């Protein structure tokens, strides 16, 4: 394979653990998982499916913290090293002028994306059903709520870190109002992050681990080979859903064109903390930190809808794997 | 009640039949229903849920014609009097540059709306699931396909006949990918009919005939009292869905604010042609012709998913009824 | 068969039509069905599943009148001849001291039963789910609401016209909170019509027309052979429920013991007014008038959840049929 | 098209009615439908989905007669003209030595096929679930029950009228144990009509009217162009199943190879007797009589799971239609 | 808060373990859980959801012991210390005169309540569906079966330990005949523990952990602040039900009036023995021992439908928590 | 009991571990379970539900190895001791002339049976739905694919190790096309392993652990008391299916006659490796090795659809248990 070059600033302090000697898989888990226990803050029932970014030489993030009433909330947090986190005990209280915009029902599964001059948070936002909410922040203290980008029912809204052509771009996964038994990934564009259109189908369900539904995971990583997208897929066993993850490469300028997409999963529930918890058998990646010079990739994922975990790989290894094991 | 004034040009040749003497309901059916039989064109299994507008002193329309394979198609048609129709035997073949836009899976339940200088057709358009398709025409011969305004899954997209503030506006009904068992009406805006946002919840399910789901019907009629919206509602009996219709008044400048909304239905399946057919027990209004000077209102509705029918009322009577029988 | 004697006063003015010459079934329909059209009162969407009793030499009744919002209500009515009815335009407003008892959600499928010194109405009463409501009246003008006899979820509560041993007695059909897909008939007793116990299973589903669920119909008729019970049964076709009716004989002193029960239905939807309407394919008997001296039996039944109809038979013929065609 | 030749003896007394002048469809209904009313025999609730063959210069058949308990039974019948039928009041009592074979639960939807020297009846036979039962007769009085050819769950077993290669051949439609929501047609062979194998997939669901499931109808008709198969297809509306019929041409020697198959239906519920009944919206063909010299084809079909009807066409017209309107 | 006083005799030998130093929750688990393993008796597949009371200075109880056929049975048991139990190897064989009363299908989820002069057992009793069975005992050797108090379908019947006004009182949870997907708590009264009425709605589902259904747990504890009720609630994840527990305070004289009710759960599945077993993710409290002088509360709960566990708290702490975290 | 004699050659090197001293159950697990980890071969997500036979003084087998795409495949393997296995990294590529026969969709849950002169593999084979595939081998290197024996939808096809009368014999479990919620065991015969018939019902669901469906496990073991059949049964909890196993004795010459059948399960998920994995709570036996002289029985079973495990018993103990604990 040709050498992969990755777009972005160096991130030398990325959290990292070398690949275990006997590891045969392209991704390896952090040996001290979970990194965030379910009860890190007093009011939390569980902390998972959360988004982390580099911030002022350290790390910041937005975390899904279901409270002990099992209400779904999102909280801001900070870390020196990306592993040990301090999470705000209170959920984010957004600033928004229009009461319809400021309105809060619930929020979950956040992603955070730096575009141009600020961080954008996107998450599954309750507005008469789940849809894609957006907010921006520059300091992870004050968050400005923007209009919902889409109508219900939608989940897994993930922004691209730069404009595609003249427009902002987003992936999302249309859903229904329950534990949706279907789901494909679509692409949408916006001139202003308020009005969205130019909707395109990106990719749908496939066999095995991704036969029920799929959804975008972390913010796509721009490389010379295309956008590297880690996504989750769901299989329906006779005992419910099993969430695994795979990878895809999307065309740089027409990201709704899929270049490669893994037939196998790259991570699937196998450890006790992934198989046992509030929802058994879930791995759900929501963030990835990449250090472009050396291609190190640290993935944050929720496990069993209960705790937050990490796994590692190299971007070029993952792209190589994706290429060689494509559907 | 204060006198209702209706926005729009006089339409003196509106199809019309006076209210029967013994009729106690606010809406009365045309005595010669159905006006369009299921087999008006050789390839049609059924013709229903169709949209009609005044056109060059006569009438034109876009018709849902399911073919004998039960594929859902939309066809153009013309009429001298709004009652006797000539429908094109071929479905509309849209013009569109982008192959993703020109792509045709299926289309159904069209509405037609004059805005500024042309007719816009909106319909339930198949694009990896049902969503809202748009096209424009000036002559009902050539139709230019535009981008889908929304992601799947959506149905019953209905444009407003003028901008609300600076933006075009639309009602729609988010759905799932089957015989959706839920459904509320939402409002969206667009600066250019391509990118949509500023989504607002308008109204949801209520008791009885509208307890399963609701959806906008004909293009809203602008009156001094607000936008008059005729909408359908669905009740789930032990033998399936029953589609009736009601009426609502929406705020003129913030149409997502509901002023009044009928608790009772204004028309419900009672005749043989509404109760027996491909889908028993359906009345589904998609168009309304109004003659502002005298307030005559002619409603076109699909019956039993099989044929197209008409019913009549006066705008001020219907508004009065809506006000007095509001939820 | 031995001669059947029927308990009760002569009712010489029972509505009646002789058996048609070519009729081969044990029950025959009234030639002028339906006797009550769906729109007899201005606010009604449909009038069906209603209960009629002799009253002061004439007839009175309680009627299920779904209003045009499709709210389920019960109304009082009067008739000179049992066929031509005057129904109150307003639903019954019950008198009850305790606000929890007086509370009104909805009511449907009433039965009326004379016991000792007054008429008792029982119906499916909304109290955080459907259960069995009771009230009493002496004049069909003032109705006194009593405690619900049972917890939700229950329907088709039917009182016996005299005490069984020392207790009042009732049949009912435990249900769920929707279009219940199961249902057997149970028997309960009460010393005071307020507290109920001594619950006994009476009979359950059987093959064919009664394979999904069954429920008691009119108040049981006391005869020398046992309690004659007309009941409905439901079959689930690929297009939903079909409601037919059958007959059973219950032990006089232990009415939870079934002596005979028809394998065939005695009436099933076959006419247009039974097969077409708000719920296609429903016959649902709720009342029966009997003239003991000659055994004439006039049955009132709802058709297609839309209108009220009548059918006739002789008690001894029906008992003979039940005996000969028993499961 | 080349001239179609049909295999088989002349059947000059085939029931027949000429095509109405204004009829635009390839198949036309008999003007006096239904030919068999639901109550032709005293114990029948409905008579439909039945099989008719020429017999000794007249006609004989096996009829699905659901009794008034709604038990599914099959009865023998005779006719002078194929239109006026005398049906035995008792169900067929089969002769069979092995008690497991002689065992009777229920039977429905029979087909009758002459092979070599006798008539074979195949039907949906209850044996711990629906499967394909077989019997043979030479006189329509005595019927010898054979082993079930297949395991449950199966329906719509239809024999070919001659061996394919060295084996007998059959079409069938694997099912589940309820109102099966899926279903494709398969082909099987047997050296002896007892042991079956060499199973092949023939064709599956397609769009529109045949999108839920399909099943073979009458015994295939051998022509120079291939086996002409009339089959039913099911669409699931929001009010349940709709049964229509289409046609296919199968390869003469490898009948699991489909040559043509209609995209449109050739008959679909449109009359009151097809749209209203125990199961609304059903046409279900089970038999066809053909007169090879002139190609007249008389189809027998069940309507609304209630009555038996007829429709007519010419074999060459139907083949031509199938060819021109193939999927 | 004012000092809570608890009604009842001192129970100085209550099983107890002090709160762990680092425990931040209002309830803490026993460090040696589970106290009863699944195979304590030879025939048991699992022992859980069981009821324990003080008895003659020691402890007695009724235990749900599903046998290895997975039949649901209830067994009597004894203990010196409330922790180490001896359970009868045979299920309880009840004494009852009426064969309908003595009849045994299955029993599960028992509660035991001392009222006046004896112990009453209530449980989910199979009688043509699950309903509330009752029996009484004075020695935990002989159990006298009483009439079922309610009709099917019901579960989680829990008696109050004294009369409310003149009547005995009970909570219950109407259900359907399967894994009921809904469920609210109701209140009923009886003059004699045989006939029940005066049914009142107490409380229904709420958000999060209690969004699918709720049900009463141990016998309510009478305090100066009201009846302290520990109850379970169910959330439906994409992998099935999750059972947690919360607490409520009910009005002393009108126990259908809810004073406080926890928004958060007080215990939810988090340990391996609660998350892994025959039904993953279940905590289900059925009994509580209280020592009024010091307010110690020992809760017995089933874990994962497999084993029996204990947890501890103080009554005043739990009431304080309920008050501060009320919905 | 009389002494059981077992048909078959001595198998002195059977893998074996003595019964633990404190074990009270008739079957005991291998202390080093699982014997085959999920990732024994590089491409496997899981290895389970697999079949093992003695082969040339050692052991061979066919293994279900779901690959990391979660495609279901079957692989050949060898072992010196029956415990340590070498599995081929590639799935079996079958030899078959007819392309319809050679066609490969997917395969799972294999069994292997020696009959006369070769090994027959039977498995759940994808052919437009799951059905029973067959192949034969003499060396576990070359496998010859035969015709599918049955139509879809079927699973758990298990051959008998000798002819019954003149015919080969097989058990199977008719299914639907998903996670089938029903299922009984049937028996079929074939003169040639190609054409099958003489279908007989063997046994159906029963209470408790086998209340949803059952299916044959390992190849039946011929003994003087009858065919010893180990089979699985499924219970549906509110969190999905639970797979346990039981045993039955079938008549030697009419194996569709059940002599005994265990009411209790003989093994049910209780260990972490059975309760946690891709499908929690599954034990699924597919093979058994027996040493006739001493009656040792080694059972191979899949655990949690993830790994392969072993358990042990003695044939005569298991038969004794079956007899004493029969339904």
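Here are some notes:
Each chain carries a letter (A, B, C, D, E and F) given by its place in the written order, and its residues are counted from 1.
The rule is short, and it goes like this: a residue touches a chain if its C-beta (ideal position, glycine included) is under 8 Å from a C-beta of that chain, and two chains touch if they have at least 3 such contacts.
No experiment lies behind these values; they were computed from the predicted model shown.
Number of steps on the shortest path from chain B to chain E, with steps defined by chain touch: 2. Just to note, of C-E and C-D, the chains joined by more C-beta pairs in contact are C-E.
Superposing the C-alpha atoms of chain B onto chain C requires a rotation of 120 degrees, rounded to the nearest 5.
Against reference pair A-F, the listed pairs D-F, C-E or E-F yield one interface repeat, E-F (criterion: more than half of contact pairs the same by residue number). Of all residue numbers that take part in the contact between chain A and chain E, under half occur on both sides, making this a different-residue interface. The distance from the centre of chain A to the centre of chain B, with each centre set as the mean of the Cα atoms, comes to 40 Å. For the pair chain A and chain D, the distance between C-alpha centroids works out to 55 Å. Within chain F, residues 239-240, 276, 280-281 each touch two or more of the remaining chains. Pairs of chains that satisfy the touch definition comprise A-B, A-E, A-F, B-C, B-D, C-D, C-E, D-F, E-F.
Interface residues of chain F facing chain E in the complex, by the touch rule stated above, are 24, 207-209, 211, 235-240, 242, 244, 263-265, 268-270, 272, 275-276, 280-281.
Interface of chain B with chain A (complex): residues 100, 127-129, 131, 147-154, 172, 174, 176-177, 182, 184, 186, 188-191, 194-201, 204.
Put simply, chain C touches chain B in their complex at residues 38-39, 42, 45, 66-71, 179, 239-241, 276-281, 305.
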